[in-house]
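Heads up, the next two complexes both have chain A, just with different partners, chain B and then chain C.
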Partner chain A sequence: MQSFVDYLKFNAVQWTITFVFMVLLFSFMVFAPHTFLHSRIYIAYLSTIPFAGMIAIAMTLVVISGEIDLSFPSVMAASGFTFAKAYAFTSSPELGLVAALATGALAGVVNGVLVVGFKVPSIIATIGTQFFWRGLTVLLAGGLALNMAEIRETAFHHLMVGRWFDWLPAQAVWFALLTALFWLLLNRHVLGDHLRFCGDNSSAAQMMGIPVARTRISVFVIMGMVTGLSGAMVCMEMASWWPTQGEGYMLLVFAAVFVGGTSVFGGQGTIYGTLVGAIIIGMIEAGIISSGLSGLWTRMVYGIVIIVSVSAHAFLTKYSKK
Partner chain B sequence: MSKPLIELSGITKSYGPVSALKGVDLTLYENEIIGLIGDNGAGKSTLIKILAGVERFDSGRMTYLGQDIEPKKYSVSTARRMGIETVFQDKSLGESQSIWRNFFMGRHLHNRLGFIRVAHEKKEAMRVLTDIIGLRGVGVSANAPVSVLSGGERQGLAIGRAMYFDARVVIMDEPTTALAVKEVEKVLGFARNLKVQGKSAIFVSHNLYHVYDVADRFLFFQHGKIRSELRKEEATPKILIDTLMKCS
Partner chain C sequence: MLKRFALLLFAAFLLGPLSVNANAADRTGTGMHIWFDTGGPVGGTYNTVVYNGAKAAAEDIDAKITFVYSDWSPEKMIENFKTGLAEKPTGIVVMGHPGDAAYGPFIKEARENGIIVTAIDTPLPETQTQYQSQGFGYIGPDAYNQGAAMARECIQRFDLKKGDRAFVWGLKRLPTRGLRATAILDVFEKEGVIVDYLEISPEVDKDPSIGTPIVTGYLAAHPDCKVMVIDHGALTAQMENFLRTAAVKPEDIDVAGFSLSPATASAIKNGYVDLIGDAQPFLLGYFSVLQIALTEKYGFSGLNVDTGGGFIGADNLSLIEPLAKQGLR
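After this line comes the complex of A and B, so read on.
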């Protein structure tokens, strides 16, 4: 009972974000009943939200640990590229995925070494690596897109991004699994606990024997690998790779994380918040258009939703700190 | 006299141009409480960080139960494994993390895969904090963030987590600073209790009455060295004050 009371009291941020989500969903149902009272739109969301959603979940861990990763759009392109190349050489999408994950992990190690080893603040280091990975990829690809239409015929394609039972987008299932896994990691695993303290008070973490350097590098590697996974899945979904892949994701991912209530100062944030944040950010565009407003409204509505949520979070955090 | 637990000889430590310790000799015996007294900046916290494995000494010799300790291999976790627990002067809590997470910070009880035994930890943390430390505040619940606690409650949490792991040596750096009278009494109670339980302790404080109350032996620190030493039998609070005046 006590813990239930605690639960209500210490999760104000989650209640807020849930409320924002309900208001938005309800308004779409009222203004676009033809769309939002049928399952089609929700199935469409299940196919589009997971790609940025997975990255946002990983980014949540990065931000909680007091760091930030601005390089992921380029890492996505780089790992998408290695996916496409590995698939072209071996005709095996499985090997392609391994290559993409390895690329992501490598990018994570590079970020981690710059931040932990050379003590470059992550916001600066990852601007550098963002240019580097995009530049390297474009150079290697000669600026050209890669087509892989045949990948749609493979069983692995069906497993990763196919429509299970002829309706369920596989990526939604993977996204759900990844979200559950990361919830466990953050809330039940020692690594999650370590990264909370690294973000909250890194000198205390050091004094209490938390392996601060190792934890921070791990977080970047995890971030890189999830980015690689998402990059490979986008390639499969689209059956192609293109040099600007990932560029549209920057704002979506950070909007999802911060709308979800994760603190930019580190130490605080939830997987649930980011999940709802990703859904909110992912459903606005279609919602606006099917409500009969023109697409010109989209950006402004994004802006309003983001401003309202982050202000509510800021107010609540200040309030609860007495 | 009982046998020596920790022996330091000629320990030095510099931070760049600042030499914080200039050759410290100190022996802590079994079931003994040492009081460290000295001015601001004398080097007390630096010495404690070295004992705790947070900082590495530059030169000198440190032994634990007669075994030489190599500074390179000595870390917070080795210190803890040997039974040396420290309550630091600087805030060593994660403000927005829950009480139970802070209690087990850096050494959770977990299974082989690294998953924390959350329910068990919450129960243990609350048992120690309410039954042993005696925290009664309304804000004290396992899931509450540390930011809701008072200064004394925070100190109680830091001491409670040091006691939980059954230390052989407990080091306390100014544990009574900024506490109300009743809370001070509790902290001094813990320190005296350590003695009853057969443990050793190092107690640092600027309040000479507190030090006099708990310690068996008093060491006076000045400019990175120990300048003088008194045993409880030959001291009174007045003598401690006079000695401190001479050493600063």
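After this line comes the complex of A and C, so read on.
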């Protein structure tokens, strides 16, 4: 019994976020049974939540390491653009994906060098790179959207964002695999410990012999590559690229990370929390509309969920340390 | 031979600049500087077409043009206007979103300094009344008329009757732009159509890919919906994806929206979008630059041009689609 209480106490943040999720889902099932007791809405969620969810999972590692990356919406647009252009030139979505990942990695290296090499605080460095990548992309695109309707006919489209067995969005499978990989990385790989130590106290981590600089640059590169992957997948799903791509993801990603219980001060956070946070944030708007409420309620409900979650996390973290 | 060649060179040296000057003097906007607020963000779908129109006009009349971007923020538009005043251009083209009260004192200051001002996209009726004789015009759609025309076209084309259900997804919260959605609702409600209105959230406004579950959720809750009117260009462009995810077949529902983009053209071809209201944004840019130059040179008063009368469907798409790819429609 004691060990069960200890288990609950040790995982209080994760239990809280699961409870919030269950309450929301139950409410939607009660108020919108015609929508939430049928599979169609869940398939829609499986097709959209993975894009923001992937970035949120990667952002969790960044925040745990004590950094932040505000450039990801622009990196998403830049990666999506290189994907679209590479596809237009070669008719190969595989090469497009390689180009998008390379663009994301490059953006990550630039962020990492600015933060680690030039000692610019990440919040400032990534504001700068956010403007840079967006500006460069729009300049190269001439401000025009790119349509890729024919990409829907390729096998690679089916592999990445198609509907497997005629119902399962492939991106949900990739998201699940990526989430599992990142869980292993954080909890069963030495990089996870390094990230936590860096986020908790980078000077102490340095003294302990942890390669702090390499770890911090790595986390930005991982973030960039995952953003690139998400950008390319959004392009494939939508069969087009547009210059403002990624701009709507800022709130969703950070809300998912912090609702999920990751500490803004670094050193603490869970992949499970962010996963549930991403699902909660991703399901709210459609749930409200299906329940018959005006869309004007959406932001207030977002606010309530975020306030309740982060307050509960703050209280429980304090309580569990006693 | 050498002498003849030297004479020819000498003649070219003398006449060359003269002919260039003569050509330049023929151009309406030579020596003029136009400060142009495109309204939206750098690379925004709609305002890039406006930009292309203004750029084409400036090249045609040989005027210098400076573009600024306001991310559709009224505060930023005012800020850009103040910066424009400091530059002392020949004329300033504004988007009217901040309204008469906000722009009033600054436009007065501009006129006192001899700077011509004209509005596009969203009218400034009080300011126009005051300064129309001094070149203050309005080029753009009348939001309410455009919305009402769209609703009437939907009723006619899709055979909407009393008791039918329609979904309208719009931006009523934006002061003048919101009149388009208001007009659609007014006409539908007057006709007895049951309307479900949904305000577009700021996230969906910026990134239409987030809108998928909203459409799925709505259609699951209201399977009797007959028509969807999407008062947003980028969302209209993604309706094919939204409906595919919601497992709705093209013939199951009629969809109307605004602004033609390559993705929208593709959706029309595949039958997922049936009707597009076209505000012809290229004309906003083109005519407003001409307005400034003509007023400066010949003292013409402000023009009032309603650009929002066009509709695009599968019947006339082939003509317009190539132009959309070039950012002209």
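Note that the second predicted complex is superposed on the first by the 315 of 322 C-alpha atoms of A that agree within 3 Å, B and C clash if a C-alpha of one lies under 4 Å from a C-alpha of the other, contacts with A are read in each partner's own complex, and residues count from 1 in each chain.
Keep this in mind: a contact is a pair of C-beta atoms (placed from the backbone, for glycine too) under 8 Å apart; a residue touches a chain by one contact, two chains touch by 3 or more.
Here the structure is a predicted model, which is why all the values come from computation and not from measurement.
Legend: residue contacts after superposition of the two complexes on their common chain; A:Gly209 is shown touching chain B, with no touch to chain C.
Contacts of A:Gly248 after superposition on the shared chain: chain C is touched, whereas chain B is not.
Using the contact criterion defined above for the overlaid structures, shared-chain residue A:Ala155 touches neither chain B nor chain C, since it reaches no partner.
Of the two partner chains, chain B is the only one touched by A:Val190; chain C is not.
Of the two partner chains placed by superposition, only chain B is touched by A:Asp200; chain C is not.
In the superposition on chain A, A:Gln268 makes contact with chain B only, while chain C stays out of contact range.
Among chain B and chain C, the chain that touches a larger number of residues in chain A is C. Within the superposed three-chain model, A:Glu237 lies in touch with chain C and out of touch with chain B [touch as defined at top].
In the superposition on chain A, contact is made by A:Phe10 with chain B only, not with chain C.
The interface of chain A with chain B does not overlap its interface with chain C at any residue. Across the complex, chain B meets chain A through its residues 49, 52-54, 75-77, 80, 86, 88, 90-98, 101, 105-108, 110, 114-116, 118, 141-145, 147-148. Residues 2-3, 6-7, 10, 184, 187-191, 193-194, 196-197, 200-201, 203-210, 263, 267-268, 321-322 of chain A touch chain B in their complex.
On chain A, the positions that touch chain C within their shared complex are 32, 34-35, 38, 40-41, 43-45, 47-48, 51-52, 134-135, 137-138, 141-147, 149, 234, 237-240, 242-249, 251-252, 282-283, 285-287, 289-290, 292, 294-296, 298-299. Here chain C touches chain A in the complex through residues 41-45, 48, 51, 197-210, 212-218, 220-221, 234, 237-238, 240-241, 245-247, 261-263, 265-266, 325, 327, going by the rule given at the top.
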